[in-house]
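In the two complexes below, chain A is the common chain; its partner is chain B in one and chain C in the other.
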Partner chain A sequence: MPAVKKRRIVDSITKESIISNLANSTRLDERGLLDYRNLEIETKILKDKTNGSARVKLGESEVWAGIKVETANPFPDTPAEGVMTCNAERLPISSQYIEPGPPDEDTIELSRVSDRGIRESGMIDVKELCIKEGERVYSVYVDVAVINDDGNLFDAVAYAATTALLMSDMNKFTIEDDEIKMLDEKQPLPIKSVPVSTTFAKIGDKIIMDPNADEEEMATARVTLVTDENGKYVSAQKGKPGGFTFDELREISVISKEKGDEIRIKIREAVKNGA
Partner chain B sequence: MKTNSVERKYVMPGDVVIEGDHNPLANVIKSGNKIISTKIGMAEISYNGVRVMPLSGTYIPRMDDVVIGKVADMNGFAWEVDINSWFFGILTGSAVFGRQFSSSRDSMKSAFNKGECLIAKILSFDRTRDPLISVSGPGLGKIKEGEITYITSSKIPRVIGKKGAMIKLIEENTGCRMTIGQNGAILLKGTDEARTKARNAIELIGNQAHISDLNDKVISLISK
Partner chain C sequence: MSKNNIERISGRAPDELRNVSIKAGVIKNADGSALIEFGKNKIMAAVFGPKEVHPKHMMVSDRAIIKCRYHMMPFSTDTRKRPNISRREIEISKVIREALQPAIIMEDYPRTAIEIYIEILQSDGGSRCAAINAASTALADAGINMRDLVAACAAGKVNGQVVLDVDDTEDKTGEADMPIALLPNTGLITLFQLDGNLSKEEFDKALELGKTGCDKLYKLQRDALSEKYFNDKNGNKEE
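And then the complex of A and B:
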């Protein structure tokens, strides 16, 4: 019987060395507790088939994002607002623990958290995506695929989706005699802010940022905070059974903004280089 | 062809490696008088025959291989060991406790717990079922300390070298003790510095296994 590997297992000696390293405030890959792995952002990787695209490599984790802007009927309760959906999936190629088939719990969480970060930050001004109230609006589909999984996919997916949206364009339109005509001319998406996600994990009593796959599996608690450039917290997600104390959360919320600013600069740089 | 010369080239699956009377050794098939590759990799044509060293690939168990694995799951009768393959290694209770093993009397957890690492030998394997493994033998058993690093299993022969030359080279120059599992897992024992040096050397072998002056590169990396 070929093996179906259900869950990543951190072996006992790796576990011990991670814990003993953390006691000295270092990590196995020689990072500090609050250091991110090398972040590489590339844009315009799927030029012909998408309106905007990006590839993000966070250490060994790699995700691709593609944006498609189309037109659709608005939802009845928001007749004057465009539609935005963000979806993330983990491909079976990304890790030996993922099988083809319907998405599992973790993938759905990943998908929803990345959607929430973009939606609640008001990154896209959905009111400006309206073509004709009650009849036709723009619909923005953000699709993110995880190519390689080495932990902290929440952040990698969020950066890829954000960068791709910043790079994205959409067709202009005119209305002639009540007929909507799409033009070949392009305009940028109505972007209002740049949300940046930061993820913390707790192992023992130590808090680390950007956990890799082993650290993520070992962690007792995990929290993802998304901030925008005005220092506003736009979304949060807590995972795993353990908990954080008030003091820890207070500390995390401050660090989240500082790190968020650093990463926002990197995202802006990638967009500037790609434009 | 001279007896000791080796000809190397990259091949794709379906490529004719060479025509003529040659002995097919590994990852090649013989069709008529053509030797055809079945993997992406480096073909080696030597006096002994033709083999293709795959660039990457998962470990396929073979009898008598020494492997390093971690316990993925256990039940009352056996442990399932993740041996870095698409098969789990099955370590039965009687292979650890002896023939008197009784699932009610012996505590499985007292021998191996979930997540613990072990060095084992493959007792039997055919592709229809999971391989049986054993931990009885010199050098086999639970791993208590050290660090495990991974490399594509097809490159393990390079880490070993001709008659163990590469192991010897790395061990002598770094002071790190290495135990090599045929499944691509390598156990390193030694000081932090020694392990880091050995790990870098293994990484270099993993990236540049096909280069002919590998020995010199490894030496210059270690002595840096």
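And then the complex of A and C:
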């Protein structure tokens, strides 16, 4: 039940400059309020052991995602559906504020929010992950490692997980005499949509996108919105002990869709270049 | 909201809440407490503090710290919940704490801790919202200085229809669930989550509907507090 964690220290000169810049609607790294940092997406970075992988650099934030597709018994309440789980880890190498040990509440939130974005968008058609109803299904494990934390991990992790899933394959199978046989031949994952996450932070009364670590620490409230390519909102999470007004949320929902479409193009490009 | 209304499983109107009752001051040993019955949800919240901080290094010199635990009893769910604290409970504890914190004037209690314990005794859909209503009532009952109460309610989409207060059975077949917590007098949304599938129109409509739900809960919280402090039927005198 932690209430105070080891918090990032932002020196007062940085704080003051962030605030005075925001008053003129600019940011310390010369971005506009709603600009993302440079987004680099690379694929097939871990191709020897994974079914799919991706590295995302969002400014100085860097995350790696790897997919393992295995087979498992289905859950009793969904005998004809495969399983997908997404997990994110903030490694101790990623920041001086993170220590080894069981995940803290921030890491659990990061993990659960990225899982929810993929799950609720129906990105993977879990019905197509069924091998034999009630007996065997594919189980897709998405694991994301945070290598360097310079803020907005919610988006970086989501982009890495999505890209790695788009790049991922799985073994084909045959059923002979009621016996399941996994083959060496591969097929792509059954992908239905491409969810894109966008994150906003509120400092004073200014709303910015893609906060870096200093901005994130100073923000009173943060909200992540995930949209799919049909412009549907599939997941959201507000964080930090502050709030947004109804008008702000309505405005954010409009911008989220526009930015999401731009970023989806970048993800698709990276997948095309990697194919 | 009259056109094309589809019958809800519960028979409620699209903008109708489940039965809600809130009672303040139900636990004698706590500094503040509340019991909320929200549909089938039965939730107790207790507040202790301001009190000394343990462990000491967590103390903050110019304000109080808030600790919050959302906990489900093993018998509160359909199939027994394992007593281990789950990742879901950790996340919900965090979002509830962040939803309540803006309402508490923490600067009034430097070097102290305010502890909020939420126990789910029977769960239905929307337990996090119900818990926030109980916890906010308990905070006020504890006499903690607050800017506002925090009212919470979910809106969602079931059978293609945007509805207020999605319950357990509706959530299983529903397409979306959007819990909201609101400081009614400042208009600040301090809890906002969504999972499911909403178009832009549905998103705006759910926000609007959620707000009307929060307004109703706000009134129920105030009623519970005035029941205890101004019109106490049980004859318990506040010290």
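We take it that the second predicted complex is superposed on the first by the 270 of 275 C-alpha atoms of A that agree within 3 Å, B and C clash if a C-alpha of one lies under 4 Å from a C-alpha of the other, contacts with A are read in each partner's own complex, and residues count from 1 in each chain.
FYI, a residue touches a chain if its C-beta (ideal position, glycine included) is under 8 Å from a C-beta of that chain, and two chains touch if they have at least 3 such contacts.
Just so you know, these numbers come straight off a predicted model, no measurement behind them.
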Q.
Which partner chains sit in contact with A:Arg90 here, chain B, chain C, both or neither? Use first/second/both/neither.
A. neither
Q. Regarding the shared-chain residue A:Lys57, is it in contact with chain B (first), chain C (second), both, or neither?
A. neither
Could you look at A:Arg27 and tell me whether it touches chain B, chain C, both or neither (first, second, both, neither)? neither
Practice item. Examine A:Lys15 and indicate which partner it touches, taking first as chain B and second as chain C; both and neither are also allowed. Key: first
Chosen between chain B and chain C, the partner touching more chain A residues is C
Note: overlapping chain A surface for chain B and chain C spans 1-3
The residues of chain A that touch chain B in their complex are 1-3, 5, 9-15, 17
Residue set of chain C touching chain A in the complex reads 58, 60, 65-69, 87-88, 90-91, 93-95, 97-98, 101-102, 113, 178, 183, 186-200, 203-204, 207-208, 211
The answer for chain B against chain A in the complex is residues 70-72, 80, 82, 85-88, 113-117, 129-130, 143-148
Within the complex, chain C is touched by chain A residues 1-4, 105-106, 108-109, 111-112, 116, 119-122, 221, 223, 225, 228, 231-246, 249-250, 253-254, 257
